[in-house]
């Protein structure tokens, strides 16, 4: 592992976006920051600003209004970056399958790198998801390939 | 000062001090975490943050802001070097102010509402701490008869007993400069949980942000060495004093809520400035002590 | 040739002015202005290279020059009376009447004592002043040519008053040079009053009600100063033997028994420099066209006041008077810097800052040590250059955007990149190391370090100063991302040249601060102060005093390296991106209008902070005036005791 | 501020509250709702579990005698567990792990010799 | 279709025709009843709207029947806090509310991605995931 | 041009817990107007409630909001039970109280931490959340999940609390009480906290009632109103008096919640002490026909479910009125006049929960 990869592994700055979740997963993400779980041990801080963030933690099934926000936040993050869908409804829509205003998961809007299961996802699982994502992040190229559009949804 | 000595001192200021600064920044976070009952990041965390930021894609809303931040970094380097070279303290503080102005102008040149609002608060912070630092320099002058940092080192007695207020105002300056509660008004330390997001740095990202992080590595030794002037003989006691001020500001950060800028202005100009002046007046009244 | 220099400096612009009234064509006028400018610059430089000298003009054919001066004085006083009468201003009229009566009394009672042999004494302070007036004044006069054309276009229908305007400007330049060079209080008084008259008439140039009201205020306040001046002459004439009474070099060459006249001269200086409580006229004067503000109200005429105080400094060494003067200056410095924070009008900010800096100069003169006087002289020079630049830039901005409001200048860097760059440069030279004004401020602080009151006020005032300057730059630089500056800014060639050269002068002078110190300041201090009080030593790299040093060269080099580095670092970055607006993407076509309530685009705006809650003018006007009045009274009182 | 000072100093001189995760994970609570799995040994492919599932995570393909389970739709509510009369749905206390790609688990009735393991299939 | 009869948990339902609806609400305001919310039911050709109030922990209601297509007078003049629910009625039921204090014109909760107001009975909600339960 | 300042506050903003946009107009950092933009969390749950089977709805309404999820389930179950004419067994009612109050404790501690965070008191935030983990552990131990505990079902509860678990709760809660007491005292007596909360966002009692405020927001204005007084579940049999503070400012609202933590601890202990033996739920047949309205006290105030059944397995209408919905008008009324720095604090002081507001 070279220095840059190591640094990426050790300094994940987090942006958390609630894309219409029930708050369940959000408060668990917040729990991760607090003493009992303390993800700052891994250098993670919740920066709250896409321009500073390396990791986007998204919760919620994404609805028709916050879809544009999610996309915009993703675009504003600098490469390299990863997206972690936290919780069942971020992964697939979960319990909101009959809801007219829902899009059915984060991957309908932006590419997702890691899916974290659970409703609500437990802090431990979120930490595992974060670490899994960082392994991917570390290996990403520093400069995006020429012509690669950063924000293209997969579907 | 002979040329090799100048070279050694410059080397210490430009290359060694920031390493110490990096560790101090890391220690700061670590201690905060411990006060909060957490483990916290490793002390080398700032180093990894810096490397990561440098390896990120470049981006900015304003190239001009990046240039300003480079000037900010440069002013920190120069002012630290000036202290190490025993230069005039007033001029050194002007250089510090130069950096602050560059930082502010940069913040204004990013047209993000949060950057603008945060920068306006940054300006008020400058208004609060700038006089405190200059008063400190004048206080030192009144006992040493010189504004040169080099002359402080020649003293036989520590200055602190006669300049007690300035140790306290220094803690205030530390809190403001290191963005700690109750004065983390323009932006909080490494996270933007503020109504103004991250203030002047809201739009600064990637390598540009790395400039700021690097500047902090110089800023901490600089603040420390200002404190050290208050107990320059022996010098290690001064360094300890600086560390004590730093520790005090970390503790204050953890036992206080963030207050508002209007409170800060009132506190600065109704408490800290008068207290500094009182100390100065005492020095004037008992003039002749050291000079 | 040598003997011609002073007549050229004083009379040629006056003659040019008179001609401008007669030859009313634009081309002829422009040529006259250019010619006078060339003559002035040439003569000033020649005077400087010539160095110290004395000169008394021979009789004009058969008439003694004193007669000419007397006649001019009579005309002038009559003019004041008429002006006050037609403007229906009883206060001004009574002051003018008082002066006329006083003058008549002087002439009748002491007429003989007023004639001195030494007409002009050229020392380094005078040379510095002449250089300022001639070089900056010429630049501003040239700048005024395109400016006034545009100005007239903004006031259609009004008959052109340009001949009168340029006549006044040129006459004024001559009078300023005369004022600086004259060694004879009686003559100085004439020049002094001429500058007042030019000032009053120029403020009223636009003829609007506001302009006339401001002009009236300038009139009566400056007449107060005139009265004080006259009173000083009267007292001196009364107390002194014939032949020496009016010689400035004798009067103020060292400690003097005539403290009350000195205090009166200081009072006159206060009015001219708009120190508290006389700040009102200078603020009002901002209604005048901007070249007037640049010339009279920042870099030259108001400097006449502080010039007089600096001249007087040696006379009041080690007296209570000097302390009061220092305190009054420092008080003005702090109070006006503070109020400047709340100003939304760029010219008012400039005006307050001018008053504030003049206060600092006066305070330094009052501190009256070699270091302090050096600081005062340096500040006088550097402030004039930087402030002239700022006024010129403000004028250019105003003509383009049609407003003086700082808020309207938001993001100006995109629309007027060059002018903005010059403005920012001007501010930076006012504010930051290693530029001259800051070096002077450093000198001021170090010289004040042993004076508790002055020191505290200096520190506080400096803190306020930073705030309003930085705020202004901030508004100018607040740019919308993604927009590139229009690099082809249209502006008249004369604007470009005059502003460019003043800017170059500001930077150059700063780089040469040690040279300036050696050449102009040190001789002033040496000639003014007895040994015992040490000033600054200038080495190649540093400016040193006994208690500190300013590494001018080191800082300049560091700045150069830093700027180069900054440019390199900034240029490599990717193109600017949209700002973070809490996640909402910007609406189509408007980068700063994200969707808001009801999915409607809602523009984002941020206005500057003016802290009116703390620093509004009205909140502080009362105590500022009271403080000013008390301090001026104290000044006279202490002198009388 | 004084009271808070006591608290933070107390924290500074006592062991941090942080649990050593992931180095030494805590054992799951006995009754925790965790991993949902199927054991099709007794399954009748009746579809009751799918019908009750509020998220549509289960698809029962009766003709092929298969259960398709999408664990990343499952909210671990246990409704399927309660619906199944044949004990074919199990829920263990362990947590499901995060993944790069969402799997679809396919359960079939085990042949006599093969154990009942799910086959993962990615969609 | 009929209207609600007894509602368990609501102590009293008072019927108010559309014209005197605001007067009825005003009466409650005068009695200092706390406005809870309004609730709307799609009854085919008309809406049945209940305005719920709290009187010492008891729930009471004013009911009005609004023919489809008719305009509903806004209650915000009486109870300012009704602006939330009335905007919601515009969004979700497509009811036009007249005199609404803060009007989001149908984009309060939803963006305009629906062909018909989603809470109407006839609106076949497009389900993204078909329920394919074979049994 | 630039007269005054207008900035968006959200939808994604570091100090905002949830996506909502407040459009703030400022004059020198003083708020002149605050206009909300909602809909960032609107999912359409009321409609989904008509499309789902009414029993599945329990799982859906728990996810209207995760913070007091079980209380949504309870309110829904109470309403459906009323339509079906069921009554939950006694033991179930007591267990419901235990879980609801545990939930309230977690929710209030969460609020206190977030409030501290809103004015940058990071260590206090950490402390509250550290203490909160004790409740989370209790929830996970008894219900099997930390946040969405999914214990209520129509006719009763899905899980039991056995003697072993009850003992664990009895042991844990006093510890929690001690720690929380220390923190609450620090919070409420702290100079800097008082600077940021006393007199900020004052809602007088009359205004609160007029604008329909509920819960701690209303009680913080001195009005003693709490739906638990109505005695649903087992509240009627347990001693209970609402907590009020008189001033109507952020400080009062915070104090109400802080004191309710201890009240809830007492309620849990009392419910466990009086826990009757018996069934966990009653069985039922048939489908809901008719309408019912249930009002319960969620941590943020009165929560209302109205269900209309039409005799099929799908409901005719499921109406949810949540506490934040009722508190928003009061918030919008008091924001103008605040400093910009107070916006997050005052906004948080009603403990807003947008996910249930928009459903």
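As written, the chains take the letters A, B, C, D, E and F, and residue 1 is the first residue of each chain.
As a working rule, a contact is a pair of C-beta atoms (placed from the backbone, for glycine too) under 8 Å apart; a residue touches a chain by one contact, two chains touch by 3 or more.
In this text the structure is predicted, and so the values were computed from the model without any measurement.
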Touching chain B and also chain D, the following chains: A, F
Greatest separation from chain E - chain, by CA centre: C
Pair of chains joined by the greatest number of C-beta pairs in contact: B-C
Chain of greatest Cα-centre distance to chain D: C
Distance from the mean Cα position of chain F to that of chain B, given in whole angstrom: 43
Gap in Å, rounded to a whole number, between the CA centres of chain C and chain B: 36
Where chain C and chain E are represented by their mean Cα positions, the distance between them in whole Å: 71
Shared-contact residues (touching 2 or more other chains) in chain C: 577-578, 580-584, 595, 597-599, 604-606, 608-609, 611, 613
Per-residue overlap in chain B, given as positions that touch at least 2 other chains: 33, 35-39, 57, 59, 113-114, 117, 191-193, 197-198, 202-203, 254-256, 262
Junction residues of chain D - those touching two or more other chains: 1, 4, 8, 16-18, 54, 56, 75-77
Residue numbers on chain D that touch chain A, as the complex places them: 16-19, 21-22, 25-26, 54-56, 70-77, 95-102
Complex contacts: residues of chain A adjacent to chain E: 64-65, 93, 97-98, 100-104
Residue ranges of chain F in contact with chain A within the complex: 11-15, 17-19, 39-45, 47-48, 51-52, 59-60, 63-67, 69, 110, 113, 125-126, 129-130, 133, 136, 145-148, 353, 355
Touching residues on chain F, where the partner in the complex is chain B: 5, 7-9, 13-15, 29, 116-117, 119-124, 126-127, 130, 190, 192-193, 195-196, 339-344
Chain C partner contacts - residues on chain A that touch it in the complex: 17, 49-51, 65, 68-73, 76
